[in-house]
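Starting off with a structure, shown below.
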Amino acid sequence: MTHPYIPNAEPGVRAEMLAAIGASSVEEFYADIPADLRLARPLDLPEPFTAEHDLVRHMKGLFDRVTDTEEALSFLGLGCYPHYVPAVCDEVNSRSEFLTAYAGEPYEDHGRFQALFEYVSMMGELLEMDVVNVPTYDGFQAAGTALRMACRYTSRSKVLVSGAVSADKLSKLRDFLSPDVEIALAPVGEGGEISVAEFDDSFAAIYLETPNVYGVVEMRGRELADLAHAHGALLVVGADPISLGVLAPPSSYGADIACGDIQSLGMHQSYGGGHAGYIATQDHEPLVAEFPSRLFGIAPTKVPGEYGFGDVFYDRTSFALREEGKEWVGTAAALWGITAGVYLALMGPQGMRDLGETILARTRYAMDALAGSVTVLHRDAIHFREFAIEVPSSAALLDGLRARGIYGGVPLDDRTVLVCVTERHSITDIDRLAAAVQEVL
Amino acid sequence: MTHPYIPNAEPGVRAEMLAAIGASSVEEFYADIPADLRLARPLDLPEPFTAEHDLVRHMKGLFDRVTDTEEALSFLGLGCYPHYVPAVCDEVNSRSEFLTAYAGEPYEDHGRFQALFEYVSMMGELLEMDVVNVPTYDGFQAAGTALRMACRYTSRSKVLVSGAVSADKLSKLRDFLSPDVEIALAPVGEGGEISVAEFDDSFAAIYLETPNVYGVVEMRGRELADLAHAHGALLVVGADPISLGVLAPPSSYGADIACGDIQSLGMHQSYGGGHAGYIATQDHEPLVAEFPSRLFGIAPTKVPGEYGFGDVFYDRTSFALREEGKEWVGTAAALWGITAGVYLALMGPQGMRDLGETILARTRYAMDALAGSVTVLHRDAIHFREFAIEVPSSAALLDGLRARGIYGGVPLDDRTVLVCVTERHSITDIDRLAAAVQEVL
Amino acid sequence: WDEPIIFELSAPGRRGLAVPEPGAPLVELPETVRRAEPPKLPEMSQLHVLRHYLRLSQENLGVDLNIDVGQGTCTMKYSPKVNDRFAAAIAELHPLQHEETVQGVLEIYWRLERMLAEISGMSRVSLQPGSGSAAIYANIAMIRAYHAANGEGHRDQVITTMFSHPSNAACAKTAGYEVITLMPDADGYPDIEALRAAVGPRTAALMITNPEDTGIFNPRIREFVELVHSVGGLACYDQANANGILGITRARDAGFDLCHFNLHKTFSTPHACGGPAAGACGVSAELEPFLPGPVVTFDGAAYGMETPPHSIGKVRPFLGVTPNIVRAYAWIMAMGAEGLRQVAETAVLNNNYLMHKILQIPGASAPWDKRRVEQVRYSWQELSEETGVHSEEIGVRAADFGVHYWTSHHPYLVPEPFTLEPTESYSKEDLDEYAAILAHVASEARTDPEFVKGAPYNQSVHKIDTTSLDDPKAWAPTWRAYVRKHLS
Amino acid sequence: WDEPIIFELSAPGRRGLAVPEPGAPLVELPETVRRAEPPKLPEMSQLHVLRHYLRLSQENLGVDLNIDVGQGTCTMKYSPKVNDRFAAAIAELHPLQHEETVQGVLEIYWRLERMLAEISGMSRVSLQPGSGSAAIYANIAMIRAYHAANGEGHRDQVITTMFSHPSNAACAKTAGYEVITLMPDADGYPDIEALRAAVGPRTAALMITNPEDTGIFNPRIREFVELVHSVGGLACYDQANANGILGITRARDAGFDLCHFNLHKTFSTPHACGGPAAGACGVSAELEPFLPGPVVTFDGAAYGMETPPHSIGKVRPFLGVTPNIVRAYAWIMAMGAEGLRQVAETAVLNNNYLMHKILQIPGASAPWDKRRVEQVRYSWQELSEETGVHSEEIGVRAADFGVHYWTSHHPYLVPEPFTLEPTESYSKEDLDEYAAILAHVASEARTDPEFVKGAPYNQSVHKIDTTSLDDPKAWAPTWRAYVRKHLS
């Protein structure tokens, strides 16, 4: 049978093509592969499900053995968030034209260039910064690259990183900044904020996040920007753009580079498959020169008034210069950039503000609701979407909640659990969590 | 708040538009509606869920209270069938361009005309008939209209209808053929086939289905065609096109009109939402004149070799002639026609034959598997997809099966249950049903 | 794209889908019922089928793509994407599942029925019909059954108006009635004197739209109803044009006995290239027993189904076009009472704004110069007389600019008609752009009429020669007919 | 469509989505952290956002729409639609759910890992990297960690070839290595003498593609690996070009210690305008302890996760780009061993057939005149010298006919390059059509070179003036920069 995915597997057309080429068999084309490298047996793979229906049944059998966050009530966050994804976001990113395109020219793929230009432009408005990259892989990579940018820009090789960063991200930073960049960790203060004791001219940057890993909104951005600048260093701020309808953008208190993950802006959790990273700066040429990612810009065409698009400052990239480019560039997460653009266009300024207010209010409500039975950490700080609680045993609490159909949070350690509340959690959901926590403890 | 679905509800733009018109308020436009017809209070409707997320939660709450045929193991058929729907079918019919279009001209909606022309053309190949309508509502309507076509064509007002037709369809026929057409019922013979005792020149048509309501493939089509023709009547055959990869098309044994439902060809069950009706004849002008539906034909354009499309013989329709047209025409089920076209193109001749063979084999397997514990009706006949079993109590059996997660079939009466088997039912599924039936009885 | 007919893309041996192997012994078919020759369906790989249909889709417009105000009477509005998800959620529900396994869906039916009853003022609603016309037919069937049950089977006339949808006339005729069509009076209203002359002991019903397809609301509608009631007839309201009067006025309040809605118009379910649609029949308490069966019941705890005692029976398989029932329900739930009223008011504002712009185009008029509700049937009569360009040609030329319109149903009582209904979904900027395109084409018609008559220039195909379509020797309603008549 | 920039579609007060009301007291933010001015995002109704993006989508191609053989090295193949369903099925899974609630997904990871290990001959596979380049980086990070663990941290050179993807060079550099790039020898193979000269005690690894981006398979690949091994270096195989050799030859069998696959190339996950993609790193037993963590474990009953003892740590959040892991798994399960071999053979047949057609076009050549596997880097040098038309211009003109191609990465070692890789997804008719379009454009270049240089004529926009994009004073990488520099 001719496989539905391989039109020219049909023997008749195969013979016709071989005849046209003048070859006797496909084997001829493999003549350069030495015999001792040839695999003499078929690959040892499972029997295939060639019939689409049989494949669907097989996959369904696997998916029947998961219980997702719509079946359970989930308060899991820590870098992957259950914000509501508008139907229009899914509609646009599932369009074949976007889903299956790749790297065409700004003519036949004008739509991709425009959609990504619009994405970076909307992010620019949200961040109040003039330069935003076509997305890199994720927020981890964005932070790593932002710090390397700062090092290249300042010609220094040491960075001060907030201790209120997730362990996984720190692991990525350690690997990615190796071997040449040293990481110093700034401790977390009593209030849950970064605390900077020592700083000097050897540092390229201060890196902090807001809201940080404990959900705490950092209050001293301006002060740290001034400190960094006084020492010729940059302030790099990791910020989830979902918060920027209500929180001040990092640029407003002097951050030189903003970065983060855009999964919140219209991407599903997808078991970690919805991530993409942004990096933003002002339009300062020496700093722009340090971006490894592609930057899309608007340009005139030969028809007056018509907009075309193209790569800004392409000769920074590894596509242009191989190892002489900045880091590397390749396929990353463009579709999520387009999707985030759709999300921001749907929300508009008003939607972003309303959303931020709802999240702030519900986070506070949840903290208050849980405070009756557990210790809520950093309770006086302003929290956005996440907060940590201290419990006798993280595992015991979470196991007990899971038995009640609740994914109660992410264990940060044996006694600390991070709880995430978004606009998708109704007051009833939160009350249910609070009641269940009380019950389990 | 300006509703996301109503751009001009925004007060500023509203005022601007009113000013442009020179009206002081929207009330002016309602001046023709007498005060005593005006509703003096707001409609008494539930509080809305304006936030999309809240609506999603509400709907999810409702959908949580259904258990569908992927959660249970279902053997339900009787006019709505669980055939496998290829992903490409869903992809095409969910395209905005098709889903939200309506009735444009053959220029800006060239794609719709071509897709529907291709659908009728593929149906024509399957049926070996030259004229196929743009879909009507469903198979019920198709049968009703086919019989009215036969009556108009023969100028007679009596039809012989097989008793092996579902009660619901018979109900529709009775209503739709009122007040002027008389229905005589032909009994079902021992073997499960139609049995025609008396027939004369007063009849406009014989109507039979194959496979019929018991899943039995009618063997005497040619004989009944000859009988009908001998009396100046037509043979009208209801046939599910899904069977025609293996079964002979009605035209091959002399049917004058074929009709039926195309839900099998790529539509989901959708709680009865996947139906569309086809009617087909040969290219015989007086019979073509009796179609009420639109017929799409191919036509030249002013560019040589280019294909355009348009309505064939438009002046039959109620759009052209109001009550002087044939029955009526209106929005029916075009999207399912397009989808069925996609389905047939995916399947091709080989797929349709393979599918038919699989269904025939599994139906037989299921009959044999159940024959151990219940009486299988018409067991010697050839069955396609459905068969009836006789049990002590339909309700008791089905309740017992349902408690085991199986929808065992549709009760035809207190002691007869119709069981449906398609390519989606694996041998294991069938064995599971057989074991459960034995257990329940 | 210059996309071939699908049969031209076929090559032997290819296939788009594999199906499960039997896994059981094959069944031998006797020759009498075995297909002799395989059907000549196209043979294509999966990507190629997909590509073909994606290209065709791109050769189509749709509400989501253009400023779709030109499909007057059809209430082209935004079908929220989220509602498609809800429709998909019931894809695997079989309509004959036991009631206890489908409580959520029955509840949607029940609640939508109650909401439509409130919107129309009617007592009960059936959601079974597959479209607006099917709902009209169901209404006339109920009227027939009602009179028959009352021993009034002799009533054999149905009265309608020329600006009511043709299905009112056609369905009545199909149901066995003689049809009397009232023409508009000099003011553009249905002629009440003609009605007075028409009613009598043979009158079964009045079937009427209001506002009519002209967009004019008949202010004497209650008199019409009363006149028909006075002779024992029923009054049936075609509410295809309800979008401008939601929450403003109700069918039952004007005395109607039956009405229908098109859920794919007023209640936003997608038009889907011409269906699947969904219709709803609303009836007064008196007509409840005649509703198509089954209807959904609720005993305060569980939902069920029952068939009314004098039901006309099935008008369609199963309970209704459920995906659209679900969508319409979700749409109303996203709007609420205040939202529906905003829909109506905005649709009417948009229409009047657009009318204001269109009437500034030289050569365009809105006959009868009456107030309009949610749409207008305009006329290019003046322009056409001056230039020889017909309305249909102007519409085709407008398509070159990415929009279109349709003229109206035959007969063209309004000469050189075009019918615009902007609904609440469009913005002021959309209406401005649409009016500007028509103004541009109208000016082209004056400066170069032949150019406009030769349109389109910017579409997938050029001007079509339709003569063969009405010639039985030449017409080709399928590819096989085309091959037989033109290629062999 | 002549679609404006989205900011131009904004009007005050409109919105595309409403969000849930707080339902709890609002939190007052101190001024230091409160946003002062609302962001200048567009204000649009939902339909208008949708319409804008649907129109943009129609201004884009993609595998599903065109004959996408021109994106050589990228293995543009059909991504089965059914696999998108599977990807959607895990949309609501959080990556930190307890292992017992995600057994089915862990099983997919586990099984895909085993299948890729069999396909490459490697011992273990990590599916964490977000793309091919990220996988290359993970491989170099493992190499670095391996040498460090063995006290060989002084090895500071990585050797690659000019026709390996630039990310091999760039990632090695980013990881702190000096990069040595081997140029092709006179026959088009990587120069083994140059390798011999390059290897030594400073050699950390060889990072190489085979077949290279020219489509030429290096028959002495095992010697390359052995040379590097002989000085204590590791050999790392970039398998971006694996599509033609699936089931034919395996990385480990040639002695490689590490390799990577691009799941969005060889294993059919969609390219998505440039990601999300997915990469897989395969390693020998010796390198297993260095894999990124966590990896999936299976004890015969349940699936779990663990971090290898000397793991380089996270290269990405969580376990991997799961939607693409699911798609790649489903694709292999639809193919099986025989199917994969058919993929390879057909991709190679298609490539050789297309090469046969392309080389008949006067002015086109395939430098080095060697046998090719799954793609070819061609040259228009002859045509360009004759006509002055550059390869890039020919590609842009081809877009007027609904296809396109990509030239290659810089530097253009093959002069006036274009790189075609037809994969197994395309039919003979597709290849014929594609070759015919290029032949047509090439003949246009001869008859009217200026016309070709002025292309495109049939696209959404005309020839772009790119000068401003490299000028810091004029470039506009966002709309706000454009407004500031050009509109105010």
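By letter and in written order, the chains are A, B, C and D; residue numbering begins at 1 in each of them.
What we mean here is this: a residue touches a chain if its C-beta (ideal position, glycine included) is under 8 Å from a C-beta of that chain, and two chains touch if they have at least 3 such contacts.
What you see is a predicted model; the values in this text were computed from it and never measured.
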Which pair wins on C-beta contacts, B-D or A-D? A-D
Would you kindly tell me how far, in whole Å, the mean C-alpha position of chain C lies from that of chain A? 45
So the centre of each chain is just the mean of its C-alpha atoms; given that, what is the distance between chain A and chain D in Å? 19
Need the CA-centroid distance for the pair chain A / chain B, whole Å please. 46
Residue numbers in chain B touching 2 or more other chains? 1, 3-7, 13, 50, 52-53, 56, 70, 84, 86-88, 91, 96, 346, 350, 423-424, 426
Would you give the residues of chain C that are in contact with at least 2 other chains, written as numbers and ranges? 11, 14-21, 44-48, 50, 54-55, 58, 63-66, 78, 80-82, 84-85, 402, 425, 427-428
How is the touch graph of the chains shaped: line, ring, star, complete or other? complete
Which part of chain D faces chain B closely enough to touch in the complex? 11-21, 44-48, 50, 54, 80-82, 84-85
For a test of understanding, state which residues of chain A touch chain C in their complex under the given definition. 1-7, 10-13, 50-54, 86-88, 90-91, 96
Across the complex, what residues on chain B touch chain A? 1, 4, 52-53, 56-57, 60, 70, 84, 86-87, 91, 96, 346, 350, 423-424, 426
The residues of chain C that touch chain D in their complex are 1, 9, 11, 14, 45-48, 50-51, 54-55, 58, 63-66, 78, 80-81, 402, 425, 427-429
